[in-house]
């Protein structure tokens, strides 16, 4: 069942905590060398899945394979997998260097090897001159880098990262993203990255698994997930979207025509097997809507809220029948300045990117 | 009316007698206790004030008079003074009884559990050269003079001795004997032998008597090397706030019936005459109160000179440390 | 389970039970024998309440109980008041040089061995010609109760963030109103546990009391001690069991108060 | 504008005054007395003298009346230290796992376990010692039980020995060891154990390299809290040692009761205080050094 | 010095903590009824300024006027200003209703008044059915609303809010923003809002004061601050920007020509008095750069990084001489899919929005 190149294969894994099921039949293949992200709201089971892979918990059902071998009976301290913990979990009584050396010491690396590798890691995370400091003498971002170095030092086959950036402030988080991604590319190690921040997931990952309530909702590249959400949960959770109720009017192999509540008809790609008259939801991203002269527009409405956001401006437009749509315009395009609350506007839809969802 | 603050040996006064006094004279009696003459002196000297009456032993009365701790209350003016046994009126420590009245008197020796040891017990060797069966089963008094005097007698030396060579020997003897001892306590002595924690304990005759009544295998020893006699006395302390009640109490205790109640409780000999009709039967022929003919006479030991006291203190401290 | 809990270490539960047994067995045995119908400490020969009756009828125990309660409540009250003021000053007052030193000084009484506190107090009272008795015990107790009252109050006051009093002032409360309506209710649990702790400590003290007691001021522990010296009786067991009960009730009270009042965050 | 509560100094005054007048000054009095000469039946003579301190090391020989070296008091002091150390060690050996075990209970039951440890801590020391005496006596339940089972035929001598004193100290102060370690364990960040495990450490390697070093402050606090009161103990040696096993606390008391040598007692008190302060200072120095680094 | 309509006027205020100067000569005018935001990085003195206004600290120098009156000597409990604290500071021993009534009680409102107003406030924040609960029985967002109601109840003239949203999680924070803004508009009370989150500031404020290291860097509307940053700190702190070194070549009243390091010339509005040959910085927002055919472009380069961000994609383009520029393209416009790392691209600049900065 596992391809040649699979680093981790998770097969129908269930995890129960007493009566509560945290993971329901999760299956996933993680490729060797990829940056794989588990994305989902708080409590959806991301950490639980990570802990199963690391070996801190055991599965209730199902199997986990590491490069083809079942690892159920391998205790955590024997798995060639290391973890970067959310709050780093640096050993407070050891200096940075000793922290980094810890895993190698436990693996009984030779002293020489250990020292050499520690230097290498310190350099990698650019903390060579801090090697004598204790963790609490470092800033959050520096601590985060130590945690990374410590986990990388014993040359694990897979690195697990549990929301490593969530404790950092905005600017730092943004710069650490780039750094992490770069280190992953340099080392070629498989990263399994956990986050609940969609922006982070989109920006960093090769592939993303979107999870909700213990189930994997969709696995795919950032683009696939953003543009072709599998269901309304994914559509709503990743980025902002207009989720519009509609009825199917015509269907063929490639396209379908849907009628919105305000009687506007939209022709969009057929992504699901659905029958005529079926009630569906259309997910259309705000940036796929654009303003135009009312006469050239698909529908018209008046602006009822305008929020300036720097790069772009978001409008909420009432298009009749109580239907509110969000329109996002980058501030370089339309003269967003001239549009104000109350104005009548025409709206066009880039229908190729409308997505039909049945649940 | 009023109060009376009594500082007494522990386990030396029946509650009933106090109640009787309280109700007869409407006096609230407060009683605290001590375990040796030395503790009494130390507490009083350290400035504990407020007690009205105390019960020092013979030599301690002398010391307390000298230290100015006692009120010269002239007890011979008391109505019941007449009951005091003649030989106890003109005592060396208080000739003519100007400060004190007799409380009870008796002897200090030791007691052996004959179940644990069947040999001859009438020798101080039991304490100082303990037979194997009794090793680790001996309780000694927590009292400088009683212990050192016994040791001096065992060695055949004079009591109140300032001969440094002899005292050095006593010192060594005690240190050596100590390893065979179990504990050093006075007021718990009876409990120790009765409960069986100790098989031998230094003991006063009355306390021994009460112990034997609880545990018949106990026997009071009359060591051939000699033993100490003592006589406790009721005194009024200088500065007593309740001097009148103190005198009432003195008079009360000289009443033969009341003195007998003391004897019935504590087991020592009363200092007044005519107690016989009120005494319990068990006391009449008790070996503790009626020494056998061949027993040595018990000896009153007067206060020793300050330099002797200092040397005794040193031996005592050496022993305890 | 294949993956054992990392927190668990084998044998620790057993050791814990050993500890608890060591801690409780003696007290339990003592309590059990307080119901023994004969004076023996060895043999169990039937159940009785007689020893408890005896305890309640014994006038010197009654007097000692009264003394103990008087002293404990007065000392604990004074200590709590004084500690409260100090805690408020240290937390809410302006920072000043020597703050740490002051903190150490207030906790000084716990750091000095009791035997030394006792003897030093005794010598001091004698030196200034202060009559030993209830007052001297009261003073000595107040001194060593202060840190015990202080610690819970201080930690409570400290846990109250500055922004609560600021919020009150922001909402037009004067300083007095702020203290009365906001600060005081919030630190009340600390005050109560401080008081109860001081009360227990005072009620239980033997060594210091033994040194500075005077005629008629015998407290319960002193009475128990002098009774034990003469010999073990079930009466002592009964009295000890009673005192044990009082302590347990008070500790549980402190615990309950603390638990109920700690907001879950 | 002064936005603080009433004058800080006014609020502090009562506490400071009470402790100053009724504790600090008395201790200074005690210190003064240690430099005076004893009066015959107790009390002091106002003559400056270092005899009390000299007496710690030297005594007048009975025969030659010369001052010769005397190790007896040193031995008592050392014995006290030994007994206190042994008691501390026993408390540590049993207390550490116990504290750890309790602190790792689920929160729902943890408080009950903790209460179980706190209750004896608040029970009268005297009563606890008495109950210990009660059960270890020759006729006590332990010996009766052992005899009943036929394991022994004569009672084991436990009471009135150094062993009993140590046992008493251990028993008296065990909760003092458990509580601070409990606090340390509770504060311990258990994700560190997970991290160690993740980095290939076995259970006992984690214990050694991660847990113990992080619990150190709690362990040290616990050891101090047991060692210090044990060193100055009075009740346990008095009741359980049968008046024969003296510790420095009893030796001090003795000087004010039977032996009536106040200056010497005061000097011993100063020695005890000094020992305790040295221990405290050494550890607080080390602690603050660690905190700083 | 104060206009008719000024609610708070801060004049040359200095605040020293010992040797450290937390505020250096800050001057600000806050209009009556506006939503005014103090924005700046951690430690820049926002809270300090707020505490001076509330009266919890006193100024070292300078004056603060409230509707024209100096308030230096007015203690905090006499100022008609209320505060919503960062951690809410709800009184834990009082229920929600009593918390809300506290201020009115202190002001000795009549009982009737007080009850009526409390009900009104509970309704405003939609917590009527929780009035009997204790604060710890509410969620973070609900507590935040109670804090707001409590502060509004005594009808203050000015409301201070110190990072009221920072303790909430992302989704909740977003919805509370709208709510707060709406309440401000309904009540018409002057809000002084503190945040370090630029997105929050842009989306909510009428005007923003950007602070840094105890100084006000710029005061203006969100748009003014985003489009016309006063200096490079503001340009960098608010949103993302390209800060490019350039030399002035020609200057006239309205426009100037600047030469970038890669010899590309840009003609942009003249916003600062600057001389020819002067070294300046050009701030150009990534969304003001656009791709075009290389021959029609202002400059060319190759893509060296591409980050997919859902709504848009960010490219880093090397335009020669080591000059890297960020280009942001909304995903509906250019076919961002077809551009990949390594591609040669042409870049045009919407030069009207380039901003010349001298510091």
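Here the chain labels run A, B, C, D and E in written order, and each chain numbers its own residues starting at 1.
To be clear about the criterion, a contact is a pair of C-beta atoms (placed from the backbone, for glycine too) under 8 Å apart; a residue touches a chain by one contact, two chains touch by 3 or more.
Labels paired with UniProt names: A, E = Spermidine/putrescine import ATP-binding protein PotA; C = Spermidine/putrescine transport system permease protein PotC; D = ABC transporter permease.
Just so it is clear, the structure is predicted and the values come from calculations on it, not from any experiment.
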Touching chain sets, computed without subunit A: one piece
Count of contact steps on the shortest path from subunit B to subunit E: 2
B-D compared against C-E, more contacting pairs: B-D
Chain separated most widely from subunit E, comparing mean CA positions: B
Subunit C and subunit D (ABC transporter permease), separation of their C-alpha mean positions in angstrom: 18
Whole-Å separation of chain centres (CA-atom averages), subunit A against subunit D (ABC transporter permease): 58
Separation of mean Cα positions, subunit C and subunit B [Å, integer]: 39
Subunit A, residues touching no fewer than two other chains: 56, 76
Residues of subunit C engaged with two or more neighbouring chains: 6, 41, 122, 228, 232
Contacts with two or more other chains, residues of subunit D (ABC transporter permease) listed in rising order: 137, 139, 194, 197, 256
Residue ranges of subunit D (ABC transporter permease) touching subunit C (in the complex, touch as defined): 2, 4-5, 7-12, 14-16, 18-19, 22-27, 29-30, 33, 94-95, 97-98, 100-102, 104, 111, 113, 115-120, 122-128, 130-135, 137, 139-141, 144, 170-171, 174-175, 178, 190, 193-194, 197, 203, 206-207, 228-229, 231-232, 234-235, 239, 249, 252-253, 256, 262, 265-266, 269, 272-273, 276, 280
Contact set on subunit C toward subunit D (ABC transporter permease) in their complex: 6-9, 11-13, 15-16, 18-20, 22-27, 29-30, 33, 41-42, 81-83, 85-86, 88-90, 92-94, 96, 102, 105-106, 108-109, 111-117, 119-124, 127, 139-140, 142-144, 146, 150, 175, 179, 197, 200, 203-204, 206-207, 221, 224-225, 228, 232, 236-237, 240, 243-244, 247-248, 250-252, 255, 259
Partner subunit E, residues of subunit A touching it in the complex: 42, 169-170, 197-199, 202-203, 222-223, 226, 238-240, 285-288, 290, 307-312, 328, 330-333, 337, 350, 353
Subunit A contact footprint on subunit D (ABC transporter permease) (complex, rising order): 189, 191-192, 194-202, 205, 209-210, 213-214, 216, 293
Residues of subunit C that touch subunit B when the two form their complex: 41, 58-60, 63, 122, 125-126, 129, 131-133, 214-216, 218, 226, 228-232
